[in-house]
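Since the structure comes first, as structure tokens, the remarks are kept for the end.
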Amino acid sequence: MIRINILLLILAAFLSSSNTHALVSDFCVADLSRSVSPAGYACKKPPLTVNDFVFSNFKAGNTSNFLNAALNPAFVDQFPGINGLGLSAARLDLDAGGVVPIHSHPGASELVIILQGRITVGFISTDNTVYQKTLMKGDIIVIPQGLLHFQLNAGGNRASAVLTFSSTNPVAQLVDVALFGNNLDSGLVARTTFLDLAQVKKLKAVFGGRG
Amino acid sequence: MIRINILLLILAAFLSSSNTHALVSDFCVADLSRSVSPAGYACKKPPLTVNDFVFSNFKAGNTSNFLNAALNPAFVDQFPGINGLGLSAARLDLDAGGVVPIHSHPGASELVIILQGRITVGFISTDNTVYQKTLMKGDIIVIPQGLLHFQLNAGGNRASAVLTFSSTNPVAQLVDVALFGNNLDSGLVARTTFLDLAQVKKLKAVFGGRG
Amino acid sequence: MIRINILLLILAAFLSSSNTHALVSDFCVADLSRSVSPAGYACKKPPLTVNDFVFSNFKAGNTSNFLNAALNPAFVDQFPGINGLGLSAARLDLDAGGVVPIHSHPGASELVIILQGRITVGFISTDNTVYQKTLMKGDIIVIPQGLLHFQLNAGGNRASAVLTFSSTNPVAQLVDVALFGNNLDSGLVARTTFLDLAQVKKLKAVFGGRG
Amino acid sequence: MIRINILLLILAAFLSSSNTHALVSDFCVADLSRSVSPAGYACKKPPLTVNDFVFSNFKAGNTSNFLNAALNPAFVDQFPGINGLGLSAARLDLDAGGVVPIHSHPGASELVIILQGRITVGFISTDNTVYQKTLMKGDIIVIPQGLLHFQLNAGGNRASAVLTFSSTNPVAQLVDVALFGNNLDSGLVARTTFLDLAQVKKLKAVFGGRG
Amino acid sequence: MIRINILLLILAAFLSSSNTHALVSDFCVADLSRSVSPAGYACKKPPLTVNDFVFSNFKAGNTSNFLNAALNPAFVDQFPGINGLGLSAARLDLDAGGVVPIHSHPGASELVIILQGRITVGFISTDNTVYQKTLMKGDIIVIPQGLLHFQLNAGGNRASAVLTFSSTNPVAQLVDVALFGNNLDSGLVARTTFLDLAQVKKLKAVFGGRG
Amino acid sequence: MIRINILLLILAAFLSSSNTHALVSDFCVADLSRSVSPAGYACKKPPLTVNDFVFSNFKAGNTSNFLNAALNPAFVDQFPGINGLGLSAARLDLDAGGVVPIHSHPGASELVIILQGRITVGFISTDNTVYQKTLMKGDIIVIPQGLLHFQLNAGGNRASAVLTFSSTNPVAQLVDVALFGNNLDSGLVARTTFLDLAQVKKLKAVFGGRG
């Protein structure tokens, strides 16, 4: 019995951190209520349980809407356990006719992993080449960081995909929402996009923008 | 018509790279036949097509083996389009009784996204706490970088998962293979693991090790 | 005299690299003709001269065009000395009525430093807030990485700015060019942007797109 | 009208962060009064305005001094909006005879963009090569990270430059100040620089050092 | 005298940070009592002294134990001055027969610098190659990040080494402790390691594990 | 026997890389004869041996010189196995009166680990504070990245230290060599350092500079 205690004591000396500070290198579960820095959220204080590392709502959302689409994110705000670890996920469901409008993720690359159905995915590079393909179960496409891209249900049935990202908070910027869903002046939008003013005003009405 | 040409010319001036060098910042598809640096493979030269960004074999592998398990990686060697983008994926299938032995991924964190069935996933932190849970469809668990972990089929039917990683080549180090599948001297293994020599020799035989 | 030689010899021992390999840590001027990796271009071999670190064409471009605008980049393809150093610059000139259409720089933040005239700069965050202001000489605005933004001459005379970026190749993605300047199918553009098909076709004609 | 509300609701689901935590990935304006970590300052809490991203004092400083020089920094302490974004700027003005003494920026590379006049810029690499040139409007020189360098007005009139850096706080270490402007023992300075003790004491008097 | 004051005033303008915030870029001594983020500990507030940068207990530990080994870490929890600087050290002493069992450092590479005696060091790569050698004074071996490795006294006298790491908190994960020193179910350990259940239970008793 | 082969085959499927490309994530031993990129040297092609990871000349150099000092580097050019791993080491020996003149390591932090004797180490921060202490065996001091520092033998006997760095090639920039050991014009040195011209010329003669 003495042998056990001594041996454990010795081995413990090889474990560099006390329990209090062990989080520094193994992981850093986000404490969403505390301060944020450029590196992410402050770490939750011990004790932790396995549930700090589990996200349990990775299910299809409600697609009964005009986009016939649902996105269910497991980003750091929903899944604090990934804080500081550089990856996240989301589930995408597209009913027949479903679409994810053109958007980008500033600073995050994305894998689209098809689970069922057929999805047309396209991205445009900065030298203005279109990379587009209709994918089905067993296919993955990578969207390099920050590039504009879209997803469309290419079949007659529901299509689903797992999305994974190289960032813990790969917030999307949708072109429509950025242009038409806020208080940007309509004339300014027309000037900086070459869209007709009437088109801008029409979409401002759809997306709830002012000005 | 002249208007079109001039406008394009002007806008083109805002696109900073010539076609030849556009890969520097948008993406860098691996040329597996060329040199490797600490940052990854050298970039494939243009022209590229959408298939450079697509992996089309993300399917269940053959689980008719002693592990009742199959892992199908989409890492940079199988999926050159992810080179330099910091993420990858793999598909895991576990038949009844299936197991992924204890292993780690040096330098990569992992998400285990359950697709079907029930999988027990556990990891051990460096302060020697066990974080373990049986997960089912709709659950995700994160395995922080470099920590020892395992997966077990916890039900009577096939279980499947999408694995994603924060690295383009999250090679696994299996403890069994490292200890018993090479030419490490059996006595040395016993000394550095406290296993009985007979146990070491027995597993050396199973895993094909010498010495 | 002997003293000099010995002293130099000793001090030289503190300079860790031979001349051949000194580039590893001080700098890595791009050899644009050689291989590219995710970390940038391969380094130019010695000897180097000061001109490898100088860009001598940082002047106003020709603004006699429909945008009344000129952008003159000093990115890594024009200025190989910045390879691997994480920053670059460009000069922007806007005549009366000049505009830089809405665009983003995937993965690079930007400073807009006004030299003369008045420029309205705006960016939209992913929570859809517009940050917009008319700036003059003595003002700087920062555009966080990857966000959509625009610049407009807000006065009656020429306006000029120095732009700097947190990347050696901050290639721009212009929304107009991405949507209307390539072979993306017009119907698909309409579906993924909610623009009227007629509007899409009209701008396809302007920006030279097909399909 | 109902259409609008539903559509916005759906699109909003694609924006991953609530307003409260949106700062995690878009930007992180420094709250200078809160804690600092190795990654920078803690983020300012919302609401933010465009002025959080604007610096409005980028003007020539007073050059009526012994250096005939003025440096006006827009670093993170003066310009909190750049926190975490990896770049900053400064304005340099040199009257006739003006000089910026030999210094380095630990960990930051620098671009010197000449606005007017003639400036001689030089840096010394660790293999002890001097890279030096007299620059004028339209020229940029890059100073690789951490290397000793200097700037001198090379003409008879005022010379000005925009400096940009690959860091949000590229604090300078001036050799003179480090050697002669503090309480380093004069004998120790002499021993570690090979300067004559009289020279050390003379400059200690000039730069206000003690010891 | 006036000259001194003016000159200092001018030079001070080139030092970008006020004293209050100077820590942002020079260093960030850990305040172990404050919040932790993925980038490390919050910075200790000034004033600082040289002792904040000094660790004074880098001595041989007590090797009178079953491992005949002692490890004395100078990691961030013992040496707050290294916070954010990406390196640390430890002293290893092995008496005759001493051993450091198989372990890994998630995310840190290691140099083993032999001071005295003879030490056999080995690591196993993920392609299952063993790299092993007996080293003596004047030898260094590098252990690439995250790989399983071990150290053994290969002589009849005390052997000592300086260990250095590419991380401020290179906590070790010992295979024995992870498998046998906690509450992992013995049957589960057997299934995920292929060890005999009796062997598992025997070592559970030695290492104090339960279950 | 069949069991062994099948089991190995299955486990092999979990090892993601073929032998050919296994270097991508485990390690990247420098091939000093091939191309260099900002991330380091290209990787040596297999086969590798343990000697690729061992440096065998970590011994005291010859201190019979004017500095009474010897530095023996194990940087990437001498120790190719550390390429891409972010750390290196050097051995420093100082005889009585020995000195390492004021210098900096652009972009690398340093630990000075005293082995024997007494060494005075000092560094100066950018807010011009001197951090200086005389250290002996059992002491470590950290020199934050890029700051000017020096080492002096503070006793009557030989003093030795292990230096470790957070970079694979922490080349030093010695102030004396940079100012007086090259072809920088003496007048220019005087202007940018405020040293007397006679002092500059005197040290130019000592350090072999021209001009």
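Lettered A, B, C, D, E and F in written order, each chain numbered from 1.
In this text, a residue touches a chain if its C-beta (ideal position, glycine included) is under 8 Å from a C-beta of that chain, and two chains touch if they have at least 3 such contacts.
Note that the structure is predicted; figures quoted are calculated from it, not measured.
J.: Which chains, if any, touch subunit E and subunit F both?
T.: Chains touching both subunit E and subunit F: B, D.
J.: Upon optimal superposition of subunit B on subunit F over Cα atoms, what rotation angle is obtained, reported to the nearest 5 degrees?
T.: Roughly 120 degrees of rotation.
J.: Which one of the chains is farthest from subunit F, going by Cα centres?
T.: The most remote chain is A.
J.: Looking only at C-beta pairs in contact, point me to the busier pair out of B-C and A-C.
T.: Result of the comparison of B-C and A-C: A-C.
J.: Take the average of all CA coordinates in subunit D, do the same for subunit E, and state the distance between these two points in whole angstrom.
T.: Going by mean C-alpha positions, subunit D sits 34 Å from subunit E.
J.: Can you work out the whole-Å distance between the CA centroids of subunit D and subunit F?
T.: Inter-chain centre distance comes to 26 Å.
J.: Would you pick out the residues of subunit C that each touch at least 2 other chains?
T.: Residues 15, 17, 22, 25-26, 35, 37-41, 100-101, 106-107, 126-129, 132, 144-145, 147, 171-172, 176-177, 181, 206-207 of subunit C touch two or more partner chains.
J.: Could you draw the chains as nodes, link the ones that touch, and say if you get a line, ring, star, complete or other?
T.: Per interface graph, the chains form some other shape.
J.: On the basis of the stated criterion, which chains touch which? Give every pair.
T.: Contacting pairs: A-B, A-C, A-D, A-E, B-C, B-E, B-F, C-D, C-F, D-E, D-F, E-F.
J.: Spell out the part of subunit B that touches subunit C in their complex, as residue ranges.
T.: Subunit B reaches subunit C through residues 3-11, 13-18, 21-26, 28, 34-35, 37-43, 83-84.
J.: What does subunit E use to touch subunit F in their complex?
T.: 15-17, 19, 22, 25-27, 48-51, 53-59, 74, 79, 81-82, 85-89, 109, 111, 113, 115, 123, 125-129, 131-133, 135, 138-145, 147, 162, 164-166
J.: Tell me, which parts of subunit F touch subunit D in their complex?
T.: Spelled out, the residues of subunit F in touch with subunit D are 99-102, 104-107, 120, 122, 124, 126-130, 132, 144-148, 150, 152, 171-173, 175-179, 181-184, 188, 191-196, 199, 202-203, 206.
J.: Using the touch definition from the top, list the residues of subunit A that touch subunit D in their complex.
T.: 32, 35-41, 61, 65-67, 69-71, 73, 75-77, 90, 100-101, 103, 106-108, 167-172, 174, 176-177, 181, 205-208
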